[in-house]
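Mind having a look at this structure? Questions to follow.
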Amino acid sequence: MSGSTGLLTEGQDLRIVGFLCNWCSYGGADTAGVARFEQPTDLRVIRVPCSGRIDPLFIARALLSGADGVLVSGCHPRDCHYAEGNFYARRRFEMLKQFLSVTGIDPERFHYTWVSASEGQRWQDVVTSFTERIRKLGPATKMAGGTGYDEECLKEIAAAVSLGDQCPCHKEKA
Amino acid sequence: MRIGVFICHCGSNIAATVDCPAVAEQAKGLQDVVFTTDTMYTCSEPGQNEIIEAIKEHKLDGVVVASCSPRMHEATFRRALERAGLNRYMLEMANIREHVSWIGKNKERNTVKAFELVSIAVAKLRNNNPLYANKFDVTKRVLVIGGGVAGIQAALDCADAGYQVVMVEREQSIGGKMAKIDKTFPTVDCSSCILGPKMVDVSQHENITLYALSEVEKIEGYVGNFDVQVRKKATYVNWDECTGCGACMEKCPSKKNIDKFNEGISKCTSINIPFPQAIPKKAAINPEGCLMLQKGKCGVCAKVCPTKCIDFEQKDEIITEKVGAVIAATGYDMFDHSVYKQYGAGQYPDVITSLQYERLMNASGPTGGHIIRPSDGKEPKKVVFVQCVGSRDPSVGRPYCSGFCCMYTAKQAILTKDHIPDSDSYVFYMDIRSPGKGYDEFTRRAQEQYGVQYLRGRVSMIYPKGDRYVVRGSDTLAGTQVEVEADLVVLAVGAESAKNAPALAEKMRISYDNYGFFMEAHPKLKPVETNTAGVYLAGSCVGPRDIPTSVGQGSAAAAKVMTLFSKDKLESDPQVSSVNTSRCIGCMKCATTCPFGAIKEVTDRAGNVKAEVIETVCQGCGICTVTCPQGAIQLQHFTDNQILAEVNALCQAQLDF
Amino acid sequence: MQALAELKEQIRQALPDLDVVIGWQQGYDALHTSPLFIRSEEDIDKLVVNEFCVVNPATYLREMRGGKKVGLVLKGCDSRSVIQLLQEKLLKEEDLTIFGFGCNGVLNHTKLQARFGDIGFITSLENDGTNVTVEAGDKKETVPFTELCADKCLTCSYPNTLQCSHFAGEESAKQADSATDKALEDFEKLTMEERFTFWQDQMRRCIRCYACRNACPMCVCKDHCLANSREPKWLSEDVDVQNNFMFQLIHVMHLTGRCVECGECERACPMDIPIMLLRRKMAGIVRDVFAYNAGTNAEETPPLMCFKVEEPTIEERH
Amino acid sequence: METIPLNSPDREFIREVQERSGQNVLACYQCGNCTAGCPYNFAYDLSVSRVMRLVQLGQREAVLKSHSIWLCATCQSCTTRCPNSIDVAKIMDVLRHMAREAGYATERNVKAFGDAFLESVEKHGRVYELGVTATYIRKTGRFWTDVDLAPAMLPKNKLSIKPHEIRGKEHVSEIFKRFRERDAVKENS
Amino acid sequence: MSISVGYYPGCSGSGTSVEYDKSTRAVCKKLGIELHEIDDWSCCGSTPAHTVNHTLSAALSARNLVLAAKQGQEEVVTPCPSCLANLRTASHKIEDEEYRPKVEALLDESCEEAASVASTLQLIIERVGIDAIKKAVVKPLKDLNVACYYGCIMNRPPELMKFDDPENPMAMDKIMEACGATVLPFPLKVECCGAAAGMPKKNIVTELSGRLLEVADSLNTEIIVTACPLCQMNLDLRQGQVNRANGKSYDIPVVYFTQLLGLALGLSAEEVGLSKLVVDPTPRLRFADVL
């Protein structure tokens, strides 16, 4: 999208989605702003009330849709505005984080952490290091291929059939 | 939908690094956007009027404001929408100041980013629905937790305004730390002379119900409608009958109890009234020391009591109270100085804390106001004060300044000279923090008029030598080590959060910092409010405070309660979860994860189990929404569809479906 | 078979108090079974128990909530799904009668087919537990059981029915051949890019028929599956790789800490997409992090429905 | 007294001290606790807290030429009691390394003793106490060093006349050799 | 109960503190601890090494930890706090994956397999325990007023040593109490004695050790108990020097805790090497009926 606006003369920002809880991390990002802590511009923040509101599937959706990175931050454990939200969130995020590798999406593209409303400095560090990490990884490959049986796919199936039990799906199953 | 987009320059705060007109121009291309503009100060009166006029003129049914953080001005713009006849939840904000203009210097990139944030906001707004608040009644009674000077002030102000007050005090008497102090800085007036009358007012005020030796067990409900359970601990004395005559104390044979009120520098009887001015002035039995309760033999107090009010069978009692607001004024505790092994604190009898020293100086204290050494009862001639014991010391987990130690140390040094004119006092300090009215003059007076020797440096160790103590410190101004042999060492211990403060915070559902101090809703603009509606704070439970500040905060918290009680009905926040019963399969997983017990099980007409949200209890965290596999329970204003719209706007604009 | 005779007798005894007993019967040929719904005495003799009893009878429970008394003949793995549903209070223990036995593993038709061309050619098959002797056309071949059995049997630690009311025959002493899943291990040898391409290719073949979901004993949302919902709308109707894969991820996340790894989803897939890789991976993570095996204890709380204030097994993320 | 010019602090010096010690010298707020507890303060020319202050001000010469850094015995009082958990003793150690590298040795005897000790280790693999004393005397010319202890020592048979040679002494001497070969100067201690 | 660990005596154990080594071995044997001296151990580098370079110091120490591991010892104990501090520091450095290669470069071998290290004092307290010592005492040190002096680096810095309280350690106090002695509240338990300054800067030792003796004397200490060869040497061997410098005439025996513990456990004066001490403790021990 950033390319299509025509506003940018050179280079493109990466697509980094941030999910921040309203009470701590969004406040921390505000604090960093108030203190003029300079940060890379790639991150776009979506505000939610609590890290407990962040469905790991939002993160999966973002990564599948072509986000280059997803950064999630909530209140530090024990400091949740809603008492327990980040405890549930921690378990959910950890599952997703460890799971991602099997999908072929680099788990490094997803990071979750805890930043309080007073930690402007820390927020700057988090954003900077995560953006650097994503820049190193480069833009994410987007899962593509359109609808089920496009021509290319049919060709592949034909090829696979001719392979018989040498076909990768058979190999995988056996 | 007809959406209007307003891009704020915020003077040059935003406009300096974001091309605001370009963003406004670009936003015209976003779906459903029919009007865009950029304004100098959107939050100003003319700025808000511009929104209102645009809503009317362009028949807008949704507004996006791209400006500062929503944490700053969301409420402002919501009110503006309401004035124009729109529902307040048809507003979305894009934070292009704190998250864009202030953190990046590249104007091109900032402009693109600002535009993308605007398009996220538009995408979300397209999924917004008007939300409406429910109205509910307010119980106009207030619970004050803690009967120190802050709590007393809050209680008296509320009671004087005509509201019922329930005060819960953990100790046997109200008065808090101030009741233990001898004199107050910088005026050196007698603490109990100024606090005493207020304590009496509390006990005599018809609007105040006082539960001493009691603790809050449980708080349920929500603003305007809290149900509070108070545990009244067994005192083994029927307080309705006890006249506080003290006959029992005279005869009690068990006299070796640690006297908590006197900070352990003296002993007291098992049945005891902590001090003569105690409110309520009632006796209570310490069950650990009582011979009757421990061994089943004695009962002397019961025999001598003229009103026969001793009751060895008494049990803890749980009392339920309904209140509409809560003021926490639970104060602080003294830092446990015994972690400083190098000071021999707790090991050497003549190395004592500042509060113990107050009791030694206090005319109603165990020594009748004579300063003597606990070890041998001799009058000390050389007294060393060590400041910052448990303050400004990250290595013991106390990096903060306790604020009032510099002042009370100066006061104690001055009073020492008053009590013992031929004594010398030494104060080891790091910096003198005295920014109150008349405060710095006071510390100067200690040095100039009373000749107190101030030494800039910490003390490294204290060890006994003969019957004196070698205090080895440094004087960084002289640039070297110094040593002084002292008769008495007073450690100016810092303040830490009250024991069990975190547990109480969890009962009140408010947050607390790493040190256990309660968190205010905003450190500057909402200093006595919390993020839980109806719960207010006063005094040192927020952080170390001196007496004038605590009293001021007590009054401030009372004013907040009165503001709340000035309305007969309150509105609930509609940003709560809501169940789509046709999707709900009644698995009740949402109820399992809800931290607030805000979801109950109901049966529909067909006999199927369904979840239902208690709107006034729901705090709007959204844990349930993620828990529900069918997506049947949705947090309003942060629904799956709204957040997905934001994600999609950002990640796959070209795949719009 | 000793166990079968005992099972039949136990069912005969219990049937008067039950509305139905679900088990297996001979299918359209000797190599297939189909579900058997025993409602009367004469149905009982149709019951078979063999290496082709692949389907999880508990899958049919979803259609039967509310007051019916149901009997189930279950393999060890099948019983885990029932326990998991009991734990989630989606079934009532008093409505269920479980008939258990010791299972020595089931065969995988896709593997048979891969090995012998077409199942239709197989004229006889004998299984002695360690080896399978197959006659197909004029070929006769003896193959180790482990090469033909379902993947889940290779790692199975629960060959005997758990929490059953009746147990027939002797307990199976079968043990897991390996703790980790070979297919998953092999898959994880691929690079990140290769995995990504693999799923991209596989998801291109997916026709979003939802057979995987319908076969899943843990999919309790029935008509309210997120995949078909407008409010909220997580997926578009488009059958494209992104949406197809997103559906798989939704399924996996909703099964986190619940999946009993019965393999029904993958078996039901008409496109033979190895989607169990995803579920096994997640179940493995749950085991690693929370030491939790879904469907083995009805008294436990699933790991995502609770938390610890300090999580010793979760690395602190900075 | 000398005026410290604040316009030109030796930032490289501050950075080097921080890097080699792994300590943040800026965390020092000059409470003086290190000086207060330092047993060696009476023998110092600069108190520890002043050494810390001069490091903060980037005063390389003043610090590296001080006697104090040679007299510190790493007794850990300062490190243990620093409210900001700065490993002050380690900073003193690092300053000594830097002084050595820069060719300063304001306490010649202390350096001589250390050198004698290490020479003995390098040669024998273990310390040969009589040898150390002999080398030290040779290096400093202080013939009368501890001679008053001899009457007490000798009858106790405590000082062996011969060094304790070990089989692995070559290995030990190679450690020294490799250390000298490696450019130890810019090494992050 | 049988405990088996590697043993690093340290250089002074075969020189100035030969009686410490001797009594340590005897006490451990008595308490059921098998000490396996690391074959061909070398000097840890002591203070001079770390004042020259930290990697050199780590390499000299690490050699012994690697050697011990090769000889099948996972854990090594040493009686000397100075050796302990060096070995422990080295142990930390070679656990750090970034630092290890530097040490390995000097050592020219892998440090991945290395033994951990503790003091014999810690071993006795934590693995044998006070109760077991109490039971094993056959000759109680009745009527003996002792002051326990730990020295500055037995417990400090606490982050490294992780044993006992850094300001008010009690390990030796408890052992001496278990042996029946009266333990005085010696306030300067962790104050420095002057350490290795004895040779190059004698005035430091006479000043610092002088303070220790003064406070010990003011408490009517009969015997000072130590756990450090350097402390013991400064207080005992140099007591005359200290007296001369300060114009005093202290005559306080300074013994190793293992020596007193050994006597309490029934070992002979010869077995704990009492004759090696300069200030003779035997009159006091006889008076207290220990000898």
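We just call them A, B, C, D and E in the order they show up, numbering each chain from 1.
By our rule, a contact is a pair of C-beta atoms (placed from the backbone, for glycine too) under 8 Å apart; a residue touches a chain by one contact, two chains touch by 3 or more.
Quantities reported herein were computed from a predicted structural model and do not represent experimental measurements.
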Neighbours of subunit C that also touch subunit A are B
Would you mind checking the shortest number of contact hops between subunit A and subunit E? 2
Give the identifier of the chain nearest to the protein's overall CA centre, each chain being represented by its own CA mean. B
Farthest from subunit E in C-alpha centre terms, which chain would that be? C
Between B-E and A-B, more contacting C-beta pairs sit at A-B
Between subunit B and subunit C, what distance separates the C-alpha centroids? Give it in angstrom. 54
Could you grab the centroid distance between subunit D and subunit E? Build each centroid from C-alpha atoms only and quote it in angstrom. 22
How far is the middle of subunit C from the middle of subunit E, if each middle is the mean of its Cα atoms, in Å? 65
Do you know which subunit E residues sit against two or more other chains? 166-167
Subunit A residues counted as touching two or more neighbouring chains: 56, 61, 65, 84, 88, 92
Within subunit B, the set of residues that touch 2 or more other chains is 342, 593, 627, 640, 644, 655
What are all the touching pairs of chains? A-B, A-C, B-C, B-D, B-E, D-E
Provide the residue numbers of subunit A that touch subunit C in the complex, in ascending order. 56-57, 60-61, 64-65, 77-78, 84, 87-88, 90-96, 98-99, 101-106, 111-114, 141, 143-148, 150, 153, 156-157, 165, 168-170, 172-174
Help me check something: in the complex, which residues belonging to subunit D touch subunit B? 29-38, 41-42, 47, 49-50, 77, 81-85
Subunit E to subunit D touching residues, read off their complex: 11-12, 14-16, 18, 40-43, 45-56, 59-60, 63, 67, 102, 105-108, 152-153, 156-158, 166-167, 190-192, 194-204, 207-208, 237-238, 240-241, 275-276, 278
Considering the complex alone, what residue numbers of subunit C touch subunit B? 88-90, 220-222, 224-226, 229, 231-234, 236, 238, 242, 254, 301, 304-305
Residue ranges of subunit B in contact with subunit A within the complex: 19, 22, 26, 69-72, 95, 97-100, 102-106, 108-113, 115-117, 119-120, 506, 509, 511, 531, 575, 593, 595-596, 619-623, 625-627, 635, 638, 640, 643-644, 646-648, 650-655
